[in-house]
Every structure is written in C-alpha cells, then in structure tokens.
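Two complexes, one shared chain (chain A), two partners (chain B, chain C).
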Partner chain A sequence: MAIELSAVSYRYAGASRPALQSVELRLEPGRVLGVVGANDSGKTTLCLVASGFAPKVVGGRLDGSVRIDGAETAAIPPHSLAQHCGLLFQNAATQLSNTTSTVFEEVGFGPCNLGLAVPEVIERVWWAMRSVGIEDLAPRDPARLSGGQGQLVALAAVLALRPRYLLLDEPTSELDPAGTALVADALARVAAETGTGIMIVEHKTDVLARIADEVVVLDGGSVAMSGAAAAVLADPRLAKLGVEPPARVRLERAVRTAGLEWSPGLERALA
Partner chain B sequence: MTIAPPARLEGLPEYVTRRPGGFYRSTNPSTKLAIAALEVVAAFLVPGWPGPIAVLAAVLVTAAAARRLRGLATIGLAASPIVGSILIINLFLLPGASDPIVRLGPLAPTWTGLWFGLQTVARLYAFSAAIALVYLTTEIDDLLADLARRGLGRRAVFVVGAAVQMVPRTIERAAEIVDAQRARGMDTEGRFWRRARGVVPLAAPVVFGALTEVEERTIALEARAFSAPGRQTLLRVPPDRVADRALRWAAVLALVAIVGLRIAGRFG
Partner chain C sequence: MSQVDRETTQSTPAAFAGVAADSGSTANDGRRGAPARSGSAPSVPSIELQSVSFTYPEGTQALDRVSLRIDPGERVAVVGQNGSGKSTLARHLNGLLRPTTGRVLLDGLDIRSVHVASLAARVGLAFQNPDRQLFAGRVSTEVAFGPRNLGLRGAALDERVAAALDAVGLSSEAATNPYDLGYSRRKLLSLASVLAMRTPILVLDEPTTGQDARGAAMVRSVVAGAAAEGRTVVAISHDMRFVAECFERVVVMRAGRVLLDGPPDAVFAEAAWPDLRATYLEPPRAAVAGSRLGLGATPTEAAFVEALRRRAGS
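Now for the complex of A and B:
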C-alpha cells in the first residue's frame, strides 16, 4: 500500500526538456512527505505525475512506473484516481467549481459527484470543514472569499472525497501564520487519525519541520536529496538548492556562528 | 413564504434547503424557462405589434409583482446602444421605404423605416426581457439542480452553470485588471481615443488569463470526481407543485400552437 514512483521521467507535450528525470519516490499511508525545491524544479509536475493526472489528463510523455496501491495509474480512470488521490493546486480560484453559491455545497461537490447518499455527503462536508476550521464559512458564497479562505475551502473540498493520499501543491501559500499553523495541524491530524498519506509541496520549510516525516529536495526535475525531515532540513546543502532552511535551523546556525552553545533549553523554548 | 425541504434532504443546513419565496421567484425554474421560451417565440413569430407588446406587458407586470423591475430596467439600459443603432439604420436605410418624414439633404428618414425599427426594437426588448426575468428571479443553483433532476447530463449542467457564473466573475476580474493597470500609470479615463488605446492591455490579461486557467480547472474538476459514472447527488430540489406543472404544460402547448399557426400561415 503506497504511491510508488520508479525511474519516472516526464516531459510535457512540446517541451524541449523533461520536467522530471529518473525520480524514485514512495509515499506510504499515514506518512507526511515534504517536497521542496527552487522554482521550476518540478514540484508541481511531481504532484500531477504522482496523482496519475499527468499524463492522463494533462498529456505529455511518461517513462517509468507510477503505482497507486500496486495498480499502474495508466489503468485507473480519472474519477477513481480522485478517490485514491486528492490533488490541490496553489491557486484556490481554479479549484472551485464555480457552480455553487455556498461553501457547504462547494465542499460537497466532490462527494455529490460520487453519487453518495445525502446523509453521507452532509457528514463528509462537516467533517472536512471542521478539519480545517471553516465551519463558519459554510453559508458564504465561494466567489466572495479571500485568497486564504478560498485555499482552506479548496483543501476541505479535497478532504471531503476522503482520498487515501493527498497531494498538496503549496496549500498554505496565501495563508497568514495562524492559517498556516491551522492547516499544518489539520494535515498532521488527518494523517495520524485516518492513515492518509500526504505529499506536500511547500516553500515554508517551517511547516515541513513541524509535520513532515520525510523530505525530498528537487533540483532540475531530479531528486537531489531525500531522507528524514529533520536531517534533510538541517543539511547545509539545502540553501545551495534554493531552499531556505527552517527558522530553528537558521537560529541554531546563528547561535553557533556567534560562538555560543546551542543548549537543550533553547531547543525546548523554541518548541 | 418559504417551503419546507423534502424529507430526504433533512439534515442539510437551512441556507441550502431554503427556497426563495414571493411571487414568481418561488415558481419552479423549469416552468420559468418554459414561459420564457413561449415569450421568445411569441415575440418573434406573432406578426405585427401584438406579439412583442403582449410579451413586454406580461414580463413587465411579472417583474413588477416580483420586485425585479429595477434589474430589468438596468438590463434594458445596457441594451440601449444596440437598440439605438437598429432604430437609426431602419429609419434611414430600410430598403424599399419611400415615405419620407422629412428631407435632410441626402438623408430621408421614412415612416415605414421608423415603424419597422420600432417593431424590431420591441421584439428585441421582449426577447431580452423574457430571458432576463428568468435570470433575475431564479437562483442559478436551483435552475441547475432542476435541470439535472430532469435528466440533463452533468456536463451540460456544468456548462450552463459555469457560463452563467462566468459573466459576473469575468467582469470582476476585468475590474481588478483595470485597477492594476491604473496603478501602473495607464490612462483609462479621458478622451475616447485614449480609452480605446487602453483596451488591449485590459482585454489581453482577461482573455489569456482565462485560457491559461482552463487546464488547471480541468484537472481540478477531474480531481473532484467530476467524470464519475452514475447520477450526481442533488442537495437542492426545487419544489414542483401542481400549479408549476400546469403552468409549464400550458406554456409548452401555447408555444407549439404559435409555431403551428405560424407554419400553417394562419397569422395572415
């Protein structure tokens, strides 16, 4: 049971070079995998390929093997992919259906598409909205939300499908620190309580330091580093790959550079 | 006046199950569509003045009773440039018209052109007012749910919904781009020529932005099981009372009768 990418290379239709090259990756249920990298390093493409929507919906050419729970994604129809993998983009405006007039119905759009019974749709919608703390937005018009609120609604809409895996492309990019912390905690809770495997593309490495079990660093479409989150995020090579380390790591380095000792007390105070 | 939701929708929040109350607004959306179709057909197929005048009178009375007269007036005003040009073209250039009202050098507006132009304008207003009244008295979600319940495919329902919602959202987006371009120094006011030059930097981001988002929207829809087989669950079920059904069938029969009479040449 996992999403497994084996020797995966992917090239968009008409592109001169591949967006992903020889990528090996494994996302297990209940685990949180962080993905970081400079702009144009292939992070969004990795989400599309791992979810099976590229090349199935996007087009392009895929080499290698992408399996979801043992099944090749090429053999899974798109509506079944949606139940296996929840996919969320950075731009909330493009995630919404534009056919509903309340957030409640927007979050219920996916479960309704699956033809679930009304009581189950209701239960899923409230659960998803509670998970990201947006119950009070339920009566609002999705078109009249702020960017951050829209992002939370889009996340709830994906959660309501109860996928086994969540692939999130910068889900906190438009959120303030409080909203970012809320989403990070919600994702950690969803992974722990429901066994959902989460792959999260994030520039905010503090979020990954908080919730990720493992981190993968992409560079030019290839995996440059991977391993346990704490080790990768503290690796001195991270900055050279266009990734800013978490605040705790930067602070520790600053303390040590100043010739001071990084004590367990400081570590506890930061936590 | 609000209508209680069907038993199978119990548990849904009130803001989803609440149906609009009041004259005509509580009428079933498909019934309103059937009435609008009848009015459109009557406005164009009934010859002379009776067709458009009867339709305009019916729409105006309904809009007044439903308290939507102001919205209808706004839409009517928006159509005024087209209406004006139709009048002017017919007044001066109607082929075969030879009864001048007055001679203005080479120009000679005619009585025939004036009457034909006014009648065309009346038909155009009757047509657009009939459609606009549906838009002004119907929540789009209710219309879509009703169409889906009657078996219209989910893709067709989505296209209708997205197209209707796209208009106000594109206007909002254009307003944002106008603000952004103004902040970068573009002159969007003043003389006509200056404003005309600003159209390209305004229109291009709206059009290209919408096009580049299409792929992302497609993937997002697929990621929300849009292409799942089987029937979609409906959270809204607009009531379809006996009066709604009777009115709808009456409208359909009247529409068929008008088309039949027109084909048979019984209008004279």
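Now for the complex of A and C:
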C-alpha cells in the first residue's frame, strides 16, 4: 500500500524541458511527506503526476511508473482516481465548484458525488469543517470569502472525500499563523487517526518541521535530497536550493555565525 | 519608540485623534500595550481613512469604523486573521470598493469624486490572487498595459517594462505567456505590472505568499527600493518575518477593526501577544525567543542576534 513513483519523468505538452526527471518517491499510508524546492522546481507538477491528474487530465508525456496501491494510474479511470487521491490545488479559487451557494453545500459537493447517504454526507461535512475550524462559515457564500477562508473551504472539501491519500499544494499559503497551525495539526491528526498518506508542498518549512515525517527537496524537476524531516530541514544545502530553513534552524545558524556560544538555554528558548 | 498606554492613546494629538475617537471603547481597550505613533507628520497624509465601514451586499460587514492615517513614504504592514477585512481595506485604497459609510482620502482628496481609472495613476494594487489580475498573452504586454494606459510609449515604455521585470527577476520571461509561469512567478508578474506604473502609493496583498527564498528576498528588495524612492508602501501579509523586517509600522486588524497600530518592536513585544493571539497571529519566532531569554524586544532575527551579542559583551 503506497503511492509509488519509479523513474518518473514528465513533460507538459509543448514544453521545451521536462518538469520532472527521474523521480523516485514513496508515500505511505499514515505518513506525512513534505515537498520543498525553489519556484518552478516541479512541486506542483509532482502533485499532479502523483495523483494521476497529469497526464490523464492535463495531457503531456509521462515516462516511468506511477502506482497507487499497486495499480498503475494510467489504468485507473479519473472518477476512481479521485476516490483514492484528494488533490488540493495551489490556487484555492480554482478548486471551488462555483455551483453552490453556501460553504456547507460546497464541502458536501464531493461526498454527494460519491453517492453517499445524506446522513453520512452531513457527518463528513461537519467533521471536515470542524477539522479546519470553519463551522462558522457554513452559511456563507463560497464566492464571497477572503483568500484564506476560501483556502480552508477548499481543504475541507478535499478532506470530506476521505481519500486514502491527500496531495496538498501549499495548503496554508494564505492562512494566518493560527490557521496555519490549526491546519498543520489537523493534517497530522488525519494521518495518524485515519492512516491517510499526506504529501504536502510547503514553503513554510516551520510547518514541515512540525508535522512531516520525511521531506523531499526538488531542484529542476529532480529529487536533490530526501530523508527524515529533521535532518533534511537542518541540512546546510537547503538554502542553496532556494528553500528557507525553519526559523529554529535559521536562528541557530545566525547565532553560531555571529561567533556566539550555542547553549541549552538558547535551545530551550528556540524550541 | 516607546509603548503607549491608554492615557497616551487618548491624548494622541491631531493625526491619530480619529483612531481613538472613532474606534470606540473596545478598540481602545485593544490598544493596550500598543505603541505610540508620534512625530512631526506632514500636514496632508498620503492615505487617510475616516471611520470607514464597509458591508458586502450579502450582509457581511468587513470593515467597522476604521480610521487610519498613512503619511507619504511610510511602510505599513496590515496583519490580522483570515477574514478580518485586510483585503477589503486594500480595495478601498484604489477605489475598487467604496465605503458604505466614512471617507477615504488620498492626498487629502475624497476618492468618491475620483474615477477608479484616475486613481490607478496614484495607487498600484497587486492582488492576492494574481489570476484575477493577469490577462495578456505575453509577460511584457502584461507589464506594459498599465504604463501604456498612463500614456507612455516607445523607449520610455520599454524602459519601464524592463525595469519592472528586472526588479522581480522575470527579465528572461518577457516573451512567455503568463499562464506558462508557475503560480509564484505569476504573483511576481502581477507585482511587476504594478511596479511599472510607478505610482506614489503601492498596495501589495500578500506579496510573499507562495514564494521561495529567492522570491521572498526579491519582494523584500522591492519594498525597500520603493521606500528608498519615497513611495508609500502598504502590504497585507501573514508573513510575520517579512512584516518585522521590512515595515516600520504594523496595523493589526480584527473583525474589521484596528486592534493595534505601531512599530514592530512594540506590536511584537510580549505585552501585545495576547492581542495578537486574539486575532490568530503569532509573534515572529525571534521575538518569542528574545522574550524567553529576557532580551527585550527582538522582532527580527538580526535584532535577536544583536541583543545576544550585547549581553555576551556586557
């Protein structure tokens, strides 16, 4: 059981260079995998390819193998893929259905399309909204939300599908710090309690330091580094790859660079 | 800059009398621990909101009697929880939204009497979502659209476009279709489109969102460059590090009202944390660590290291 990418290269239709090259990656149930990298390093494409959305929906050419629980994504029809993989787009505005008049209906749109009984749809909608702290938005018009609120609604709508794998492209980019922490903790809980495998693209490395088990660093479409989250996020090569290290790592580095002594007291203060 | 208590808030003269008077008792209570904004303000502010309230057609009140005075050349960050009215506020600054009640003045002129197209020459607004802003088939055409509408042509127009693209690191993408760029670079493109207008006032809605380390550094340098040219910069952001490092004044909003208003030293000082947390914000990690170590206000990482150095040397 896992999403497995083996020797994956992918090129968008008409593109002069591949967006992904020779990528090996494994997302296991119950694990949180962080993906970082500079702008245009292939993070969004990785989400699209790992979910089967590319090339199935967006076209382009895929080489190598993408398997979800052992089955090649090429052999799985799109509606079935959607039940395995919940994909959250980077731009939440493009995720919303534009067919509903309340946030409650919007979050329930996916579960309704799965043909679930109404009581289960309702239970899932409240659970998903509660998970990301937006119960109070239930009667609001999805088209009339702030950027951050829209992002939380889009995330709740994906959570309500309860897929086996969640592929999230910068799910906290427009959230306030408390909203970011709430979502991070909710995702960690979903992974631990339901065994959902979560891949999360994130520039906020503090979020990954908090919840990721492993981290993959992309550079020019290839995997430049991967491993346990704490080790990768503290690796001095990270900054050269266009990734801002977590605040804790940056501060420790700044203290040492200034020639000051690193002490247990500092360690505790930065914890 | 010293902190201000309620008494000094209430006695804040001239420039900020509106904030204290219009915000009501709740906002006054919320300003406990907020810093003073004092000094010799120019007589005509760049931007002035006078008790501005705004309610969307479906009934959501996004702004509630907001009064704010921003002087020419100030760098002001507006922070607050999701849905606290920050973007609504930004859209009032270039006339995209008009107050339900209250007034917005630019350079002393009530914008009710000014068409939004004329305001565009004064205020450049980079949207939170670049896809609501971009429409051209080429990056260079996109960036040229604004200055062309201001009447620029030929070499002068080309120079504007080239400088704006250079400022955000997109010089090599001039002929690219904007939608062939990733989201983060589309955001930088929307910023370049606004920069090319060279407006005296820049309003940036979440400019560092989705940026990698290089993109975020570029946005920081754009803010610094605009400030060096004496332009007024207002940015909405959840990125507390960006706010602490790049802005001299931080306005904290909650539920459509101004909760705190002052320099980063004071807004991120420990005394203000309860107010920050009440609006879903967290102080920067450097500020928290500095406070735990008894170093005083250290809103930026540089300030934190400097305070440690001082202690080690003393």
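Criterion: the second predicted complex is superposed on the first by the 269 of 271 C-alpha atoms of A that agree within 3 Å, B and C clash if a C-alpha of one lies under 4 Å from a C-alpha of the other, contacts with A are read in each partner's own complex, and residues count from 1 in each chain.
In this text, a contact is a pair of C-beta atoms (placed from the backbone, for glycine too) under 8 Å apart; a residue touches a chain by one contact, two chains touch by 3 or more.
Fair warning: this is a prediction, and the values are worked out from it, not measured in the lab.
Undergrad: Identify the partner contact of A:173: answer first if only chain B is touched, second if only chain C is, both if each is, neither if none is.
TA: Second partner only.
Undergrad: Does chain B (first) or chain C (second) touch A:40, or do both, or does neither?
TA: second
Undergrad: Taking the superposition as given, does A:91 touch the first partner, chain B, the second, chain C, both, or neither?
TA: both
Undergrad: For A:2, is the partner it touches chain B (first), chain C (second), both, or none of the two (neither)?
TA: After superposition on chain A, A:2 lies in contact with neither partner.
Undergrad: Who does A:188 touch here: chain B (first), chain C (second), both, or neither?
TA: Touch status of A:188: no partner.
Undergrad: Going by the contact rule set out at the top, does A:122 touch chain B (first), chain C (second), both, or neither?
TA: Touch status of A:122: first partner only.
Undergrad: With both complexes superposed on chain A, which partner does A:111 reach: first (chain B), second (chain C), both or neither?
TA: A:111 sits against chain B, while chain C stays out of touch.
Undergrad: Looking at the overlay, what does A:234 touch: chain B (first), chain C (second), both, or neither?
TA: Once the two structures are laid over each other on A, A:234 reaches no partner at all.
Undergrad: Going by the contact definition given at the top, which residues of chain A touch chain B in one complex and chain C in the other?
TA: The answer is residues 91, 93-94 of chain A.
Undergrad: Would you mind writing out the residues of chain A in touch with chain B in their complex?
TA: So the residues of chain A in touch with chain B come to 48, 51, 53, 57-58, 77-79, 81-83, 85-89, 91, 93-95, 97-102, 104-105, 108-119, 121-122, 138-139, 143, 157-158, 161.
Undergrad: Which of the residues in chain B end up touching chain A in this complex?
TA: Counting only chain B, the residues touching chain A are 8-9, 11-13, 15-16, 139-141, 144, 154, 157-158, 161-162, 165-166, 169, 213, 215-236.
Undergrad: Please name which positions on chain C make contact with chain A in the complex.
TA: Contacts found on chain C: 56, 58, 60, 80-83, 86-87, 128-129, 131-132, 181-185, 206, 209-216, 238, 240-241, 277, 279-282, 284-286, 288-289, 292-293, 301-302, 304-305, 308-309, 312.
Undergrad: In their complex, what parts of chain A are in touch with chain C?
TA: Listed in rising order, the residues are 37-41, 44, 90-91, 93-94, 140-141, 144-149, 152, 170, 173-181, 203, 206, 239, 242-244, 247-248, 250-251, 254-255, 258, 260-261, 265-266, 268-270.
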